[in-house]
Each structure stands twice: as structure tokens, then as C-alpha cells.
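Listed below are the structures to be examined.
Consider the two complexes below, in which chain A is the common component and chain B and chain C are the respective partners.
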Partner chain A sequence: MTRPVLQPVVVGAGPAGIRAAQTLAAHGLRPIVIDEAARAGGQIYRRPPAHFKRTPQRLYGTEAGRAIAVHAAIDDLQDRIDHRPDSLVWSAQDQQLDVLHGPTQTTRTVPYGQLIVATGATDRVLPVPGWTLPGVYTLGGAQVALKFQGCAIGSRVVFMGTGPLLYLVAYQYAKAGVKVAAVLDTARFVDQLAAVPAMLRQPAVFAKGVTYIAWLRAHGVALRSGARPVRILGEERVRSVVWAEGGREHTIDCDAVGFGYALRSETQLADLLGCRFAYAPMHRAHLPERDAAGRSSVPGVYLAGDGAGIMGADAAEWAGELTALTLLADHSVGVDTQRARVLQQKLEKLSGFRAGLERAFPFPEDWAAQAPDELVVCRCENVTAGELRRAVADSGADEMNRLKALTRVGMGRCQGRMCGVAAAEILAHATGQPVQQVGRFRGQAPIKPIPIHLLRPADEEVAA
Partner chain B sequence: MSLGAAQPLLRRVAETQRAPVSFTLDGRPLQALEGDTVLTAVLTQSAQLRRNEFSGEPRAGFCLMGACQDCWIVTADGARLRACSTFIAPGMALLSEVPA
Partner chain C sequence: MTQRIVTDVAIVGGGIVGSSAALALRRKGLRVVLLERDLCGSRSSGVNYGGVRRQGRPISQLPLAQRAHGIWGRLPELIGTEGEYIRSGHFKIARSEADLAALEAYRDSAHDFDLGIDILSGARLRERCPWLGGKAVGGSLCMEDGQANPRLVSPAFALAAARAGADIHERTRVDEIAHDGQFFHLRAGNALQVKSQVLLNCAGAWASAIAEQFGDAVPMQSGHPAMAVTEPLPFFMHWSLGVEGGTVYCRQVARGNLVLGGGPGRALDADRARSDRASMAALATQAVELLPVLRDAHFIRTWSGTEGYLPDRQPVIGPSRTTSGLFHGFGFAGAGFQVGPAVGEVLAELVSDGRSTTPIDAFGIGRFAPASTAEPALAQ
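Coming up: the complex of A and B.
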């Protein structure tokens, strides 16, 4: 009996992709690892350029140990994998990926036998009037500025929205000596109290969250819960934030804003690959289906980490290893099945904690009802909430791709990554449907902008 | 607080002991630091990367991780760069007053 030829490719070199690659390499394979970043690590463990001097303790704080371990794993693998940094997978079909190499601006096709999709996540954004002003960034973006570039997004910063990242980023900024003008959480204190029992399933993670909040409070940072962002004011750049609490509006001066509402999965590649999607109520999103071992609905395509549902960095590491073991076992390679079972159990155990997080930082379900008509929902094409509502009223749009065709929402360069969540909420509210009924933007190649001359057909091996 | 568009958006709080890199922004000669992205190089000296082609309003990026595509900037020779994920290089000539 001959072993079928294995030709695995891993897309994404964050915690999930790195552990997947490490596991494949440990079984004698040489996976191709394609990653958009110049240095592997992903977003949460994003590494600054090599000549930067800060220690991991300063960069990653309480997560330094994990970051060091993940970085060491990929560094140790360099001669056993085919690592392709600065490389964007922009299309996929017929067992091959189209990959743009950024520095040389060349594209080539990369065939694969099996694929582990570990594309990660970005901030989940619910816009507020003024969010396109210079000085307004996502929470993740604010963190990237600090970790990756040693820069703060301003000198007097308001952080707002909700989710664990809200307090973490505020804490990191305050520690770096930046004035945090306020932390405005849409979640109410009672939400956080009610979530405590579920959160205590991961006591160490829970304790870290409590520590950040306590530290901020002890250092005089204004923390407001049940706070609704109303608008960001300024001409040409941020000047202040207006927020409301119990019907009363307040204004805080600031020169920068970081905001977000937890994270959303990067699902475009799974979509192009033909993976079946389903609505996941806890994530309030349509996500590619994966079984408990990491298989997608498409044979040979596996899903690991936050790209198929937000479970966090620790879960991403476990899922990366688990999907690689699944891939190997599916192709008759002997693996430690006990280890696979342990990983699966760890992931299952985490789901209770994950539900607790959702309770502590609930999605603000009244967001669409509060969004004014003049709010720019799509920052690429400058489409407003009022235009979306008019398309519903005038043309009867009741599905996301119809709404896109009518208004251009989600048709811009970001392909709905920043506006998709908000557009779905507006559409659901305007049509009186639950959000799962309005569908999702279909992914389309190229999944990120590429130079147009590279789009011609048959450009196999164009690359240097 | 009223900062003008001429004042920088980003503030360096660490890693300031790096070699300088010369570039130009709208014709002005400026210096960044080695390892800066184009976004960092520009926004530590100014408050915008481009203007939105529909609203004409200034933009300065948003997600800083290659997803939002709001930080494109044009070069004097007409190329477009995604500023958050392109490193500054000596001699780059960037234009921030036009749509990218």
C-alpha cells in the first residue's frame, strides 16, 4: 500500500497556522506556509521589525510567554517548511491558489493537495458618525501601532466599543505613558457580573481581564459602562467624542479614538474554496462550517483558528495542531490520537467560557435602530445608512448581495470587511428580519486589491 | 484641543533609536526611521494619507492590518502603496493630497 502524496499548504502564520505547520513538519512533511506579513506571528503576537529593541515582556505583557513560544516554534521550523512571507492568497480554484508577492508585485499559482485555512480575524466594527476622521482606528489597529511601530495613535485617546480587547488596549496604552481620556464600554456592569460564573471556567484568563480593569481604575482612568458612542467630532481630524448614558449626552476632548466590538472572522478564502457556511448565533455571523476535528465541508480543506469563528489565541494554537493531526490521519499518516482527543476536549471546554465572554461584552443589538441616516456605513464607497434604508424602502432589497448591487455597500476595496456587519444589522432592522435571514456578502476574487495587470489569465510562474 | 491637519497624528512612544530614512511628502523632504511603515513615516509628520475619492475627506488608515484598504497612498510616479504594510524606503516620493 502506498501512502497518498501529501502536499499541504497552510494559509496564515498566526498561532493557528504556526502550530499547524509545526505539527505537519513533525510528521515528516514540508508544508508551504503562506502569510501576508513580513514576519510570522499573526496579529495578536505581531512582531515588530527584527531590529526593534523592546523585550517580549514589554511588547506582549502577560502574553509574553505565549508569544515567545509561538515565535520560537516558527523560527525553529524555517529549514523544515517552505515559508512564504509577504504573500497574499488572492484567489483559489481547482486545487491551486493565486498568490501575490508584495515586494516584487508578482503573482504565481501554488498548487495544493490539502489546505489548512488559518486566516484569522480583524476587529468587528459598528460605525459611529465621524469614524472616517483621521485619528480614528480600530482597537486592533491601535494595538498594532504600539506593538509593531512603537507609536500611539494620539496623545489623549478615547477607547470605546466592547470586548476584551477594549480594556487590554487601554491598559497597554496607559502603561506606555499615553493619556487614556476614557474607556467607554457599551456593555453594562450587570452584563459583566452575570458573566462571571461562565468566565471562571478559565480563571487565569478571567483574572487577567480583572487585573487590567483594576489597574486602569487605580490609575484614574475614567471607565464607563453602559455607554453608547453617539458621534466623533472634528474637522479634518478627531477633536472630541460624544457619548450617551441613560439618555444624557457627554462630550470628551481627545485627539484619537480606538474602537471595536470584539472580532470578526476573515472568511473570504473559505468562501472561494466552496466551503459550506452556516449562521452561528454565538458569533452573530455566517461562518464556514467545521467539524470538531477541523474539517470543512470540502474534502482536503481544513479550518483552524479565528478565521472560522472567534475563539481566541489559545484556542487557535490548539485548533492549528488539531487540524494538522486530522489532515494527517485523514491521509493515513499515523498520529497520536490521544493527543487529538485532548485537543478536541480543550476546545470543547472553552466554549462555555466563550459564551461567558459574549455575556460580558454583548453585541449592542440596538445599534441599527440608533444609527442615524447620515452615518457613513461603507467607508470605501461612502454609502450611508439612509441610502441603505432607501434601497429597502424603494426597491424592496431584503438580502445582502441585492443591497450591495443597489447601493455599492461592500463593493469597495475592503469587500465589506469593515461595513459588512453594520450593513447586515441595518438591513435586518429595516426589513424587520432577524439578522441571520439577510445573508452575507459573497466573497469574490481578488479577495484583496491587486495590481490590475496581474489579473490576466494564464500567468503561471510569472513570479521571479 | 484643536490640532490642525499639519500636526502629526501618530506619536512615537518607543523604538526611537533607529537609523533615519529620507523621503519626501508632497515635495517636502522628511525623515522617517528604518522599520517604519509608510503609514508611520507619514502620520508621524502629518495628519492624512490621502483623500477619499467620493467624499473628498481626508483619510489616515483605520485597521492597520491590511484589511480595510483605507491607507492607500500614491507615489509621485503614480504607483499606489498600502501604507500600513509597506515599509518606507530611502527616496520614496509620496503624495498625500490626492485620492489614492
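Coming up: the complex of A and C.
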């Protein structure tokens, strides 16, 4: 068996992965596309199970057109790509991915020549006391419940945190007939006003955001800016939310809470692949480095979409296509270089808008200072903010992996995917360092927990 | 600006050996500067399996292990924490009658050390460990052996040394060591220079470079044990487990997680290591054989470290062959955690008294012929 010159594998079938696969297929290649979900689309365009009947318009609202286009792209590709749904990439070693196939409960290794990592994002979580009560979801989780299963997280819901998703999810819930008790945004109205010039670089996107807010207001939903979540109350499940504004505390009754502070990149695979990371101030995160064309620091490994920095779904589509063109050009396949330039320009132009978003929905820099000692930061290992601070005081811990070693923060099932941001903020605040100085958790396999008896590959694909 | 320090003893390496040596030296009243290129106890001393066992060690190591056993019993008074140390029992499993005979022979040969080894087999075995897989025919139980959390214990030795007055410099890589016939001169970048009469080489897997510089070359190689941990499971097993003639070892921490090791991981570079696909697959198979309950448990994390191995799997502990004032303590072949605190005390005795109260003859660097005499031997 001779090895084909190009053996590209795309990890992730969201907007970035789908456009990457489409571009590779258009140039005569047959990429393997590995995706954790049963149906392609990613999180933002997540599709319900096949027999569900809700229309895209009802599922995705203003995003229906894009969702339909992305879904159509992958559906049209089915005979030209090797699509492997329900498949979790949990490690990588020696130019092979370790892949767990859910339905058959088998593990196999998948060799690759070139790799496009389009692993997407999850919610950025800054916990608040009571966040582990039943009925509390992330904004993304609340949205997935609605899109994927047509379920609401409650009948009277408070949405809180900050970021564009806050208003979008509240809007989608209200449209679906759920009572939205309040939208509590930590960003101040003046932040949003100040961001308008930069946001106008993407007038259509900006207009959509304004539409959600106007619609919610017109439908009597309480919108509060400059609102700080104080605690979530309840015994068996959520009963109410306490929030503060200018030193005064208020209480709202509800039976569910959706909260989040924008998104964070899923970088574990890039880390295991050995990609070099750097601190990205706008994202307030350590991210795998990528050049303007999508190359990582590791030859043959490319990064597309939110998995290497949150830029949103439109940017993910462009980056997916651009990265595939880069991969092809790097391997002497003729591509439309003009198209690549256009995509790069679109992405560059978007970064101004992206900076505006950061200004409109700023990270709540005082979160760590406000977090009480009894706050559970790491829910897997039940580690509180007070325990983290005590480790700093007692041992001088000033770096994330040392903090983990001493306190177990980030050592549980999620391996820091959920608590890492909050732990870094607490550590930075407790040590008086900027957050980039405290580092990040070292990546280790498995990316997600794997049943022990599945660690032995069922069969290994032969790499020539 | 360069900081210049004159001290009695300079220690390179803040693992459990270097840190416990620093603590022991301070208790003897000597001035100590410890240089650690990363964080104290963050390498093998902090990421190892956490076994604290005497049984199974070469008989020549048992005096040292017995001394360490006493130190482990006094951890709170010594370092201010018990570091999750418990004398949980260590059970070494036999999968054949021949392996069981080997364990009985070990029990007999270790008789003088009074380890309290009890051989279990047959009905007694099944009664004591209903969770054990079918391949086990018996095993050797040492109830006073145990386990501890290396992430807590090893850094705590360094903190205790610092509280006792040791001058500890973390994130300080030693770039140069010179000896002028009387004093050692250590330089860490442009930031720090240390002058000392005595140098302790406790640099773990990286110690052979220092040894070699002083004409004490040893054939040490790096090894990388593959490690894994499961999600928390209902608590079912007090003992730490090993297997005679096997590679897998396993313990359950109070929180319920099972920590497992076995087989080689892989080096990412000279400094970093990670678990390995093939080793994880083998470890998984062996672990399920050993403890069938693990079949559907999940591994939530794997890792490895970098450890120094000499051909005879014995450490080097003692004075340099060539240089007065230089002492080595390294090469523990993946089994340094339990004996580490005793090695620290022994090194402190060598420095202050010129002799160790615990026999260490088996660990002399002289057992490796200097390169100049080794060559003719190889040529034969």
C-alpha cells in the first residue's frame, strides 16, 4: 500500500471543520472528519436528533440561514469525505489520533498526515455561590438543551453573566415561550455605548445584537446592566438569585439559571500535539499560536475556529476554509490564492469588531476579589476559593500546576476545563500577579475520561 | 545585579532527597543554600506513585528503608503535615506458585528486619481481598508499609527546610559549577553565585551531568514510568498493590480515586515526559485483570516523570571518588520516595560527621569503574 501524499484529518465538525473539509474535498482530497457529536454542525449550529421536527427558523432564529448553509455543506459532502461522528479524539501520539467511538464502544488509532484542529469552545465559567445546585446551567448548556432536545432548563429562568450569548440565549428562551425572569449583565451600559464604534465594523452582527435586546425589552423582560451575581439560593434546586447593583442587593425568584462569561477555547488537543502556546490578552487566555493563515507551531498541524481563540461562528467558517487552503498550498496543491487573501482580510477586519465585543462585554476583573472563601471553584474535587487562597498563603504557590498539586483544583473529571479560568483568576488575585503570569494547567491525556477497558485499541488502522 | 552567597553546603536539586538533606543539615546547624531549577518537589518527587514501601526492596536497601520508616512516622513533627501518609499495608501479589515461592524467599531473607510480612494464599487470600482478580494465587502483605501523597509531602520537606533557615532558590537553574580545590562556586545565570565548602548533588535524573563533570561518570539513563488515575470509586481497598514479576501497581486514595502505574512512558524532551499509548493499553489490561471492578471505571488523567536509573537499579549515595566535599544522592530507579528522607539524613551525616550511621556501602559510586579503566575492560 502506498501512502497518499496528503492524508488530512479534520477534528471537529462545527463551522470551521465543515468548511475545512469542504475545501479539502473541493481540491480532490477525501479528508477524515472526526466529530464528537452524532450530527455535524458544532455547538452553535447543533442539530436535533434526526426525527425531531422543529424547523431551523425556530431552532436557530436569526442564524437559521447560516445554520442551513453549514448543514447543507456537510450533507453534500457525505460521499466525498470520511465522516466519523460520535467519535471523541482523546489523545494523540506519533502522528496518530486516539479515537473513542461511542456507539460501538471501541477505541482505535487514526493516522494523519496533516491535521486541522477545529475543536471549538465551551462556556467560560466564573462560578457564584450556589452554582452547583440543580437547575443551574451554563448559557451554552441552556442553549444546547433548547436546540438539541427542544427542552428548556426551567419555566422561570434568570440569565446572567456577560457576553453576546447572554442576550441571544435569553431571546431564544423567551421566543420559545419560557418566562425570562431577568437578564443580569455584569457589563455596564456605558461599556456597551463605548464599544459601538468598533462594533459597527460588523453592522449586521451589531444590528442583530441590538434586535435581541430591543425585543427582550419590548416584551417586558427585565434587563439589568452593571449587575453582579451574588449567590444562587435553593435547597433541592434553584429557588432564587441574589444580585447586587451599586451596593444594593436584590432577589429574584426563579427555578433555573443560565450563566456564563463568553466562551473559552478547547485547547487540549493542540496542547497534546505539542503546539506552542502564548498568552493572548484579548482572550485573557493562553492559546495555541497560529499564524494569519492558520498554521500552528507544529508542521502539519493547523488550527481553525474558536479552538484557538474565540472569534465567533462566521470567523470560524472563514478560518476553516482558509486553513484548508493553507494546508493545500503548503503541500504544493494549487489553490486560489486570491480567495485565501480575501479570507485573511475578512478575518483581520473582524478582529477590530472582536475587540469591540470585549469592550461591550468586558471580563469582570473584580470577580476574584468578590469571590467569597466558601465559593466552590472546582466542583469535581470540591475545592473552594478559600482553600486556594490558603495554599497561596501557606506555601507560596504562584503557578497553576503547583496550585493543582497542593489543592486538587483541576484534578477531577473535567481536568480543569470548567474551573481553570476561575482558578487562574483566584490565584492571580491572591498573589498580586497579572493572570498571564500564573500559567495554565499542563495538558495530559485523556482529553475526556475514558473507560479503562477501552484503552486497548480494537484495531489499528495501518499507517504505511 | 548578582547576588553572592557564601554558605557551608550548596545543594543542587529540591526533590525529596535534596530538601530533606537541607532540613537535616539545618537541624545540625549548618548553613544551606538549595538551588532548584523548577519548583521544589515538582518533578519525580512530586509526581511519583506515592508508594511508601519497604518490602520488595533489595536487602541492601532495607537499613535505609527502616530508617526512612521511622522518619515517615514522625512527618507531622518534622515537616508540619502528614501528607496523606498512612500505613495502609502493601500487598505484593503472586500470579503463580513460583512467584509465591519467590515472595516467601524474600520474606525469609528480610527476616532480620522484622517487616512483619505475612504470606496469604488460598481461602485466606479470597477472604481478605474479595476484589482481587482470578489470576492471583497469593501474595505477601506488609501491614506497616503504606502510601502518601507525593504532591504534598515533597514540597513540604522544602518548606520545612526553609522554615528551619535553609536558603532555597526555586526557578534557579545552575549553569556552572567550579571547584577551586577548596570551595565550590555555583553560578545561576547572572542572578546568583554561591560559594560553599560542600556540594550535594541531588539533581535526580539530571545528576549524572554534575557527577561526570567531577570525573564521577556513571551509566545512568532516564526512565519515565507511565501513570494514570481513575475517577473516584466507592472505597474498597486499603492496601497498596504490587505484582511479583509484573509491572502494574495500584492504590486507592481516601477520596476514592485509584492511582496506577506500570510500563514505560515516553520522554517529550530531556525535561518532560508523558504517558504512552502502548503502555496505557497494557496497564489497562493488567489493571482490569488485577481488579475486575476497574473495567468500567474511567481514567481521568495520565502522566509521567523523569527518573534516573543505573544498570543495577541501585542508587548512588555517598562521597565523590574524586572531589573532597562533593556528595551524591541520586539514581533511585523509580523507588526513591520512601527512602528519600533517610537519604537526606545520611547525606547530612556524611557532611557533618564524615560517616553515615546507616550502612550505605552498596551505593558507592566506586562500583562504577572510572571511564579510563572501563575502556580496556570493554576491549577484551
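Rule of thumb we're sticking to: the second predicted complex is superposed on the first by the 451 of 464 C-alpha atoms of A that agree within 3 Å, B and C clash if a C-alpha of one lies under 4 Å from a C-alpha of the other, contacts with A are read in each partner's own complex, and residues count from 1 in each chain.
Basically, contacts are C-beta pairs under 8 Å (C-beta built on N, C-alpha and C of every residue); 3 or more make two chains touch, one makes a residue touch a chain.
None of the values given here were measured: they were computed from a predicted structure.
**Student:** Given the alignment on chain A, is it a clash or a fit between chain B and chain C?
**Tutor:** Chain B/chain C on chain A - fit side by side.
**Student:** Scan A:Ala405 for contacts with chain B and chain C and give back first, second, both or neither.
**Tutor:** It touches chain C, and chain B stays clear.
**Student:** Answer with first, second, both or neither: which of chain B and chain C does A:Asp79 touch in the superposed model?
**Tutor:** In the superposition, A:Asp79 touches no partner, neither chain B nor chain C.
**Student:** Between chain B (first) and chain C (second), which, if any, makes contact with A:Arg413: first, second, both or neither?
**Tutor:** both
**Student:** Just chain B (first), just chain C (second), both, or neither: which does A:Gly177 touch?
**Tutor:** The answer is first: A:Gly177 touches chain B but not chain C.
**Student:** Could you figure out whether chain B or chain C reaches more residues of chain A?
**Tutor:** B
**Student:** Tell me the contact category for A:Gly141 with respect to chain B and chain C: first, second, both or neither.
**Tutor:** First partner only.
**Student:** Which holds for A:Thr109: it touches chain B only (first), chain C only (second), both, or neither?
**Tutor:** second
**Student:** For A:Pro449, is the partner it touches chain B (first), chain C (second), both, or none of the two (neither)?
**Tutor:** both
**Student:** Per the contact definition in the header, classify A:Ser91: touching chain B only (first), chain C only (second), both, or neither.
**Tutor:** second
**Student:** Just the number, please: smallest Cα separation between chain B and chain C in the overlaid arrangement, in Å.
**Tutor:** Taking the overlay as described at the top, chain B lies 6 Å from chain C at its nearest C-alpha.
**Student:** Shared contact residues on chain A for chain B and chain C?
**Tutor:** 412-413, 449
**Student:** Going by the contact rule at the top, pick out the chain A residues touching chain C in the complex.
**Tutor:** Listed in rising order, the residues are 91, 93-94, 96, 98, 109, 274, 395, 399, 401-402, 405-406, 411-413, 415, 444-446, 449-453, 455-457.
**Student:** Quick one: in the complex, what on chain C touches chain A?
**Tutor:** Residue positions touching the partner: 39, 42, 46, 151-152, 155, 159, 230-231, 266, 268, 274-277, 280-281, 283-285, 287-288, 294-303.
**Student:** Any idea which chain A residues touch chain B in the complex?
**Tutor:** Of all residues in chain A, those touching chain B are 36-38, 43, 48-49, 51-54, 58, 102, 122-123, 132-138, 140-142, 144-146, 148-156, 176-178, 236-237, 239-240, 253-256, 266, 376, 379-382, 412-414, 417-418, 448-449.
**Student:** In the complex of these two chains, what residues of chain B are touching chain A?
**Tutor:** 1-5, 9-18, 34-37, 40, 43-44, 47-48, 52, 54-55, 57-70, 72, 82, 84-87
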